[in-house]
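Please find the structures below.
In the two complexes below, chain A is the common chain; its partner is chain B in one and chain C in the other.
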Partner chain A sequence: MKKEKKYQVIWIIVMSLASLVMLVPIIMMFMTSFKTMAEIQSPVFHLLPEKFSLDNYRDAMTTGNWLVYFKNSLVITLTAVILSLLFNSIAGYAFARLRFRGAKIMFLFLMVGLMMPPQVTMLPTFLIMAQFPFAGGNNLFGTGGTGLINTYAGLVIPLVSGSYGVFLCKQFYENFPRSLDEAAEIDGANKWRTYFTIYLPNSKAILATLGLLKAVAVWNDYMWPLIMTNSENMRTVQLALTMFKTDSGIMWNQMMAGSVLVALPMFVLFLCAQRYFIQGIVTSGLK
Partner chain B sequence: MKFRKVMCALLGTAMILGMAGCGNKGTEELVSKDETAGEAESAEEGQESDSGDAASGEKVKLTFLRAGTDAEKKAFWDKVIADFEAANPDIEIEYQECSYGDDFETKLNTGFASGTAPDVIDFTLASMGVRVPLGQYAALDEFTADWDGTDDYMESALNLGKIGGKLYGIATQPDVRLLIYNKELFEQAGLDPNSPPATWDELEEYHKKLVKKEGDNVVQTGLGIPSSGTAQQHYLTIFALANGEKNLVDEDNNTVLCNSEKTIEAAEFLKKLEDEGIIPWDSSSSDNNPFGSGLAAMTFANTTDFANWNSGALAGKIAMASPLKKEKQATFCGMGFMFMSNETPHKEEAWRFIEYASSADVAWTRYEMMGVPPVRESLKDKYIAENPENNSVIYESVACGVGSPKVAYSNAVFNAVDDAMERIAYGVEDPKTALDKAAQEIQKEIDNQ
Partner chain C sequence: MNKSTSTKKRKNRYDGCAYVMIFPAYFIFTIFILVPIAVVFYYSITNFNMYTTPELVGLKNYINLFTDEDFLISIKNTLFYSIFTLFPQLALGLFVAVLLYRKSKLLPLFRTAFYIPNVMSMVCISMVWLWIFDPTFGVLNLILKTFGASTKMWLQDPDMAMFCVILMSIWKSCGYSMVIFLSGLTSIPDSLYEAASLDGGSAIQKFWYITWPMLRPTTFFLLVTGIVNSFSVFEQVNIMTNGGPLKRTTTIVHQIYRRGFLEFKMGYASAMSVILLAFSILVTILIFKYGSGGQDVDVS
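And now, the complex of A and B:
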């Protein structure tokens, strides 16, 4: 018992230190957002600002059209999350519950996607979007226009599916008892109905987990919007933060204020979905 | 059963689409364009497209991508584009911007790889060494026969845009390193604030007088030489150029010059100053420069840094000095250029935009809105008259300025020399050993090209 307690104390200390390491940059970002540039550049470092001022927030938010940037990020994130949850869970259900020819090979191919770094697929994906037929002035063969470049569709379509999401859903649905399917079949429900009336309503935990992971990934994504958008009215919040990087250096005070505001929605989202998130990870066997 | 079929079809289609993306036409086009430098194809497309647009009377739409995302420059480009479109109603400019560094490179790489590169690009001198050999920037000589800039541009600025005798970039924005000094600290050290150092010997003498120590600690230095960071190579370049060296690399024949006798002599001189006493700083950001906090009496910095310091705590206390001289008077001068994509089907229109954006009128607007020194001889007197004390020094510095070597391996040069200078600054190696090692690294990179 004593030994167990000792281990517990060591464990708490280690985890507290690890948490501190994670928290320090966030705390510094928050504190820096209230400092003046002179204070940031001062050779003497103080964690707390000399005077708390919201000027940086005001200045940051009046540089550029942040309403548009937040709207863009929100539209892209919401659409990508909703569609990806739908597609991933349907595909996960199919792999978990249906027996069809080539299922194993298909799943194997899908798993290859998990091992592929996004940089490898970025250019091919960009080309598909740029040569999307009948979009942005393109003809049937995908030439003549700009395709889906600089559009919401171009930003969202490549994000709505993902190997990780399908894998997670498959694992989750495999834990469901077979008797559920049998009962549904006896009641005359086809596979679509079984999925929508039995599986989907019981998937809150995994959908919350996936939704949260997807939302954070899409909201924080920098590279894809960077290459897919080229006008200010399509700019996302992450791209907008680069406005504080000028020829004469980085305006750290405004950059940090902007970063706090940009991180806030995801912080709130995580707090709200935290319970489901942990539950989802546990029940899908990915702990 | 039906559901299974639908699912199979959906999953199969998704996989086929995924695989199609990995081997589609665009990638093949990229290879072919890189191999042929895109010239023939672009020219044909250009003719077809131009004639098509002219026949239909439609506006030609050009995309213009500029490096940087700051609001001040955007306001300038908004004005230039609006004025250009008003004067050229047959052309519409789609403005795009992206922050400097890797982001800009990624954006350009993706554009060129997918055939969606911007028609006109505002970017740096360093990009020429990489993108000209890849055939991504178009040679502009065919358009410059009637261009007034040929005779009016500063020779140094015009030459910076050339590789192998061909003109690829039109210089618009000099980024010159000026010798800046603190008059107040000069006076405190008993030096004449109106007589900054002009030679290496004078610099050494001033530096010694300006260094202040408390015990072993240096509390004030003369020349604020960086001890680490990405701008150390600029300092070495400045002194190597003044010592009569061509550059860190001879771009004409790929000869490494960073360990030449003259460059080593320059590095030894810097080391001598460092041994007198410096305040270590990381030159990756000018925010770290001890000159800004009054701890260094002299530094090399650009006009933007000067303006920032002169509007803050150092207002009225700082001044600019002419470039130092040993064998010759020289300094480092980066440059922003207007480039034309080799892939554009609208070369004629793209040139009209570049010509307009580099005209004397726009150069003056650029100066008025952003303080960028003009690179046209016709504006010299007007420019100097605006602020005789500072602008004469800036103009003189730009005129004798030399930029980074325009080679595909320029990043290797920067990294190797920065590392060497850091080892020298911290006394890990003597200048000759460190620069010989840097030269070996650069040579390896050249051999791998």
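And now, the complex of A and C:
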């Protein structure tokens, strides 16, 4: 028993040290965000800043139009999360509970999306968006205008797709008791009503998980906004962050302050809803 | 009476509204996953450049690819990155998961610490590491100086740049593998370990004969998704090094981005995308064929 206790103490010490090592870059980012440029350039390294001043945050947020960048990222993230949850869960319900011709093959086909990294299709997807008929001054054949480039629609729609979401919702709904459907049918509810009044309200756990994973993925996305936008009005926070890196030297303190602010929403989201996060990651690994 | 119920039943066998329900998800999937795959094959045999109408050029793009030094280097770099990121990251994730797996109230706390780099964006992380690696103001060189060691150029040194990118990527993603391995460990029944203890098995034997084989499906999953993801590495390269110095860190997707979106050689970049797609599919098939030995381990 005594030996067990000793192991426990050693375990706590070792794991605390390991966690600390993992967190060092993040702690340093946080500390540097309060330092002055002179402190950063000093030849001796101090972890703690001389004083915790918010000047860097003020300066970082006044270079460029950060209010617009945050608004863009927020709009894109919220729309993508809401639409993907609605579309994917209703498709998951159909695949789990309804009988229709070709259901099996269509579902298998959908799973191709699980294996496809977005980088492989970024170029053709971009071309499709640029040549989208009747958008951004395009004619029926997708020429003459800019299509969906530099629009919210262009930024959001490709991010709504989610084979993984459909897969997970299908799994989740298959575990619902069949008697629920039968009860609904006896009450005269059609499939739509069954979904909206029984299935949807009872799937908070899975929707929270999927929504969180989607929110982090969309908020953190860099590649798609990079190729889909070129105007400052449509810039997202991730793109704006890279603007601190110019050829004429980098204001490290402002860059770190910006990084903290951009990372903060996802940190808070993760810490508040860890349970759902871990659940989602784990189910994705155990399919 | 009997007949009418049976016809009613038959009528109910198929739910037509299912097609409407799956339509939005399927439509987006078709337009943004399936159609692009077809489109990229088509453009790869044209000389499309965004301004003129595309003309068919046959396999010219592909032939050019294999004499394009930048592209050949990018393939080499991508393979190098994949091997040296994936295996250390999996090993580290497994190692930490095995260490961490213990009945303790502190476990979620440690798990969070390891997972947190994963919820940060690649942009944020690249910025932080860009500063850490900075030759003049970076913390790494400051620490080296404090101990009187000679400083390094890190990301600006052609021989070290890729290792710096790899180090950062391992740091970011090992928490993900750890969480997945941890859940894999939870599903191994305690009775197996108890039986091994009764037989006098050592900790190493227990790992080798119980933990490792029982984790085969988990490892397999991480390997497949990891390879496909590391083949498409782009963000950290574009932000931290832009493929330099001396093209030592340029990757396949970085080349696609440069040729396609900066030089507008869409046809040529499409051919690269096809090669990347083929690579990803080939490796996945190979792993499924030769690596699925673990599938017969029944986790129950």
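Rule of thumb we're sticking to: the second predicted complex is superposed on the first by the 245 of 287 C-alpha atoms of A that agree within 3 Å, B and C clash if a C-alpha of one lies under 4 Å from a C-alpha of the other, contacts with A are read in each partner's own complex, and residues count from 1 in each chain.
The rule is simple: a residue touches a chain if its C-beta (ideal position, glycine included) is under 8 Å from a C-beta of that chain, and two chains touch if they have at least 3 such contacts.
The model shown is predicted, which means the values in this text are computed figures rather than measured ones.
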Partner chain(s) touched by A:231 [first = chain B, second = chain C, both, neither]: first
Which of chain B and chain C A:94 touches, first, second, both or neither: both
Touching partner for A:247 - first (chain B), second (chain C), both, neither: first
Touched chain A residues, chain B compared with chain C: C
Chain B versus chain C as contact partner of A:271, first or second or both or neither: second
First (chain B), second (chain C), both or neither touched by A:22: second
Which superposed partner A:192 touches (first chain B, second chain C, both, neither): both
Partner chain(s) touched by A:255 [first = chain B, second = chain C, both, neither]: second
First, second, both or neither for A:63, with chain B first and chain C second: first
Which superposed partner A:104 touches (first chain B, second chain C, both, neither): neither
Contacts on chain A seen with chain B and repeated with chain C across the two complexes: 41, 43, 90-91, 94, 98-101, 106, 113, 121-128, 161, 190-192, 223, 226-227, 242, 245, 250
Residues of chain A touching chain B in the complex: 38, 41-43, 63-64, 90-91, 94, 98-102, 106, 109, 113, 121-128, 130-131, 142, 146, 149, 161, 190-192, 223, 226-227, 230-231, 242-243, 245-250
List of chain B residues in touch with chain A within their complex: 2-4, 7-8, 11-12, 14-15, 17-18, 20-27, 63, 65, 68-73, 94-96, 98-100, 103, 106-107, 110, 113-116, 285-287, 292-293, 304-305, 307-308, 312-313
Touching residues on chain A, where the partner in the complex is chain C: 8, 11-12, 14-16, 18-20, 22-23, 25-26, 28-29, 32, 40-41, 43-45, 86-88, 90-91, 93-95, 98-101, 103, 106, 110, 112-113, 115-128, 157-158, 160-163, 165-166, 190-192, 195, 216, 219-223, 226-227, 238, 241-242, 244-245, 250, 252, 255-256, 258-259, 262-263, 266-267, 269-271, 274, 277-278, 281-282, 285-287
Residue ranges of chain C in contact with chain A within the complex: 13-19, 21-22, 24-26, 28-29, 31-37, 39-40, 43, 96, 99-100, 102, 104, 106, 108-117, 119-125, 127-132, 134, 136-137, 139, 142-143, 145-146, 171, 175-176, 179-180, 183-184, 187, 218, 221-222, 228-229, 231-232, 234-235, 238-239, 253, 256-257, 260-261, 266, 269-270, 273, 276-277, 280-281, 284
